[in-house]
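We call the chains A, B, C, D and E, going by the order they appear; numbering starts again at 1 in every chain.
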């Protein structure tokens, strides 16, 4: 009986989550598809974004994502590997790094934005640019990616580490051939949380990659990200709601595509080596 | 986990490289702290001289243009919103993770996971927009002004839910199957073994996810700003508006000059300290419980 | 063909083996087959499990002993690709056909696994959890039962002063005995043991063996073991499984002494003499 | 005190045990102690491992056999809280003091664990990976070595048609033999085996035993086992560990037959007669 | 010649400036004008620090900012807004003050429906807030707000969702929303109808300037661009962003 109740609770949870998601996205889908057309995808925005499309914005978004992920992925994986495979269990340094990462995960995005502006845009002289935005985003998604991967690596059975060591295999080989492939699901989860954070970011990008909605010519050009565009249209531009919803719809589709792609990418990358 | 350190040259090189990367991330935090300190320095000095700490027992209100910088209500509000959001999102997220791992049949699990992923990627403006146009009016019709602690908690809990759900799900997935078989053989009900056996076994992974989610909740800005009402006051009731530290920054940074601007950076610093305190406590707690739990 | 069982209720015959209480079938297995994902791994096993007796099952790795044991308490129901056919008569019910309350059934048929699998809880909670689950509300009663179970497995003296410490901090042998205590605390009628001593050193293994011998009469025990000497020492009845073309079969079943000393089947004889127990 | 070793190079003496090739120390252990996080678990062990011989180590659970074995290939170095003192002489080097290339060392001193731990790769990759790691570039050479190793452990016939299938899908016994093959494929000089048969059924266990016997002469083998009968069957030399006040010690070391038939130490005698092998 | 101009500052001005910049670029193909948003304060800081060529500021320069040169490109009126269902049609200055200081807490006290009043105020530092406080001679600490908002749209959406709300937003935006059927209404201010027209004529009391600011007298491209932004060529753009051309 209690078991039945618990099942109902669990199903209730799932149902509630699904319902809430649909509720949140309901407007986006309804209003968004009303304003959407194929042209919207590739044409440039006009009249402060109320009309026209989001072509350049989509391109900027993808560039920023590419830079952020391209940087955060290897860096984050490296840090995660160090923390789980090389760091001494109770060393103050490793603990300090862990805490730093947790703190970084809690730094508000607007602070990241202001910092990114001060450091990347001004100090390093990158100005308002896709590069500055991507770098700032990389800093932002690093903590969540590292922590998730690290948990995954730590969960890998010690027997395999021992086995590899006893065969005189180097640590690096064990990591590359066995530990990383085994920890694949956690890496995917981290990647997806990272992608989520990156696509959803507004404040940090406003101050780094900027507001310019022109098609970017190089990575040193300023470019407006999709989330910034949605923010501007819905909060700052009178009469921009329709376009805002349509942009949000595109973002949702983009996220689904990216997630599926990330999943299959990581799978194909590691699964070839792994048979389980 | 227990087999550490390296011996070969390649390993030493890899170790050195990774150590460099790792130190880089520590450096990143140091840079951000330095940046915050640097920007908020003028304010901190004058705050200290003027006895700003009296604020904690003698609230002076937040009127930066009138030279009154009382931040304590915002600290309390940040904590209240975060605690509230975690209280809601933890059972919901854990429930979702349990559903994903033990109840959903495979095609459902796949799409449910995709939905959670989607939830993780929705911009906070969209959540804020939903809160502002759907949730707040609903609360208003019940208890004006609607924009309130409650609205912030609801929106925020939805935003951190995927973090909790996804990390918990992967923690639950890595629990040994032997425990499940053993529980079944004892005639334990599914509910019992999930709650009393698997969740304790996955505790470390779950709590790490919760920590990430807490950090995220404390740091979340836009959505909270849009629905919390942003009145600087102590969080005295669920239906009262509150302002959290992040919203304070987002709301005023664009228009702040001089001391006002520095005081906003100080709220950023304060928030960072808050997360540090939280994370440190969590580390201490998990270290002491690790010592008691396992000897290997 | 393989049923070399003495006519029931003839205590004389049973006395040929190690003494055993009542030669009365507690659980009747009829024509049971197990397949995983359509691939048959165990085919047409029929035997009776006698009340209060110890039945040992031996056979090479992969011949389906664990699978057989798991059908007895319907644990196979939970592995998605497993399918069981045949009859399992227990208490006038066919477990495989009639609707049975599995939770209650598993209270009556306990199981201990090859790898010790204590829950990641305290020693005390490991034993308390199943009791609470099966409705033993009274604190005092639980205390008495837990203490008894720990004494039964000879663990009480070793752990009585640290019942609140984590079970995973125990040594392998202690963990296995804790798992046995966890099964015993529910006072099952039948106890299924899957190679309970394979992870133990000879001393711990001796303790468990003695324990099993002490259980005789009070409990019906079915034990899978790779240690033929152990089977010989413990069992009243023994079953020998063999695998042909990747499908397991019960080749011979009978009184322990008969099976070991005058095996009927050539395979059994070969296994018993060839295998180095 | 416990060194009941015949004067070296006296083949006559050695012949008292199972025949063994050259009674020449391959690895000399002197006064080795192991502690974990400051707590000593093994104290002052001294013995010689003889070239081409099989040395068995027995003793109750927790007395430090695994820890001892892991010091021999410096695996304890990777356990954060482990600390080893004493001397380990191998090839004119003190492994514990002199700078040694651990990777190379472990190629020369292989190890097999109690729980089969094949990598989650294909059968073939499990054997290929260590070869590649140790610089065996040539494809053909690798092929030859892998085939030989699989044949050595008697697995070739069973798996040669599915070398690309996952190693984890093998049965427990097959997995353990694969792990042995994985150690053999590197052609080590010394092979450390930690209860290699405890997860195996008698047949698989017999296969492994025969394999170990076949290795005699070619390899130096150190085997930890709970199965006294097995120790007696296999070993030229045997060491008996015992624990007093939670610290392990080597109580007696000597020729296998001596140790089992005329133990010097009372503890040894008690263990050998009391324990049920 | 290839030339580049960077504008940063007010979020209110940014969309307008961006549209003007686009039109200017289309007429001068070698010129690139990047418009960045970040608030009036950022505009002033960046111009002072040389990070931007031109700052955008959504108010008149203060005493302390007289080191900068400002150029008016548009005007924006501020109107008091209620929910459409509210039966109140006009409020006197005294009544507005009473509401904002918390002395009147229910619309019933003003002859409206029996609904608690939700007072919406702007965040500290915003120019609309300063304008509002100045007009009613209030100090921000005297105001008893229930909701504090950032941008215009947040104000409008809050009022739409709350029948008891009162707030003040940009008139142009509010007019557009009213015309679109959004559930809000604009109240006249001290007898002046709150319309863009009234702001344009200059006798609407609550209005602010939208300025471009520079550190020095403009020259070259900056000078040309400012002249263009102030010219009649962009009047339609100003109006399409719901502002009033000066």
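Definition applied: a residue touches a chain if its C-beta (ideal position, glycine included) is under 8 Å from a C-beta of that chain, and two chains touch if they have at least 3 such contacts.
Only a predicted model underlies this, so the values are computations on that prediction, with no experimental measurement involved.
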{"item": "Third chains touching both subunit D and subunit B", "value": "A, C"}
{"item": "Among all chain pairs, the one with the most C-beta contacts", "value": "A-B"}
{"item": "Averaged-CA centre spacing for the pair subunit C and subunit A, given as whole angstrom", "value": "51"}
{"item": "Geometric centre distance via CA averages, subunit E-subunit A, whole Å", "value": "35"}
{"item": "Subunit B-subunit C separation of Cα centroids, rounded to whole Å", "value": "49"}
{"item": "Whole-Å gap separating subunit A and subunit B, where each centre is the average of the chain's CA atoms", "value": "17"}
{"item": "Junction residues of subunit A - those touching two or more other chains", "value": "88-89, 162, 165, 170, 234-235"}
{"item": "Touching two or more other chains - residues of subunit C", "value": "none"}
{"item": "Subunit B residues counted as touching two or more neighbouring chains", "value": "2-5, 7-8, 129, 133, 189, 192, 250, 253"}
{"item": "All touching chain pairs, where touch follows the definition stated at the start", "value": "A-B, A-D, A-E, B-C, B-D, B-E, C-D"}
{"item": "Touching residues on subunit E, where the partner in the complex is subunit A", "value": "6, 11-12, 14-16, 18-19, 32, 34-38, 51, 150-154, 170, 172-173, 176-177, 180, 240-242"}
{"item": "Residue ranges of subunit B in contact with subunit D within the complex", "value": "2-5, 7-8"}
{"item": "Residues of subunit C defined as touching subunit D within the complex", "value": "59-62, 171-173, 198-206, 209, 226-230, 233, 271, 274-277"}
{"item": "Touch list for subunit B against partner subunit E, complex", "value": "61-66, 68, 129, 132-133, 136-137, 140, 144-147, 225-226, 229-231, 241, 243, 250-257, 260-261"}
{"item": "Interfacial residue positions of subunit A with respect to subunit D in the complex", "value": "88-89, 157, 159-160, 162-170, 173, 177-178, 181-182, 273-276"}
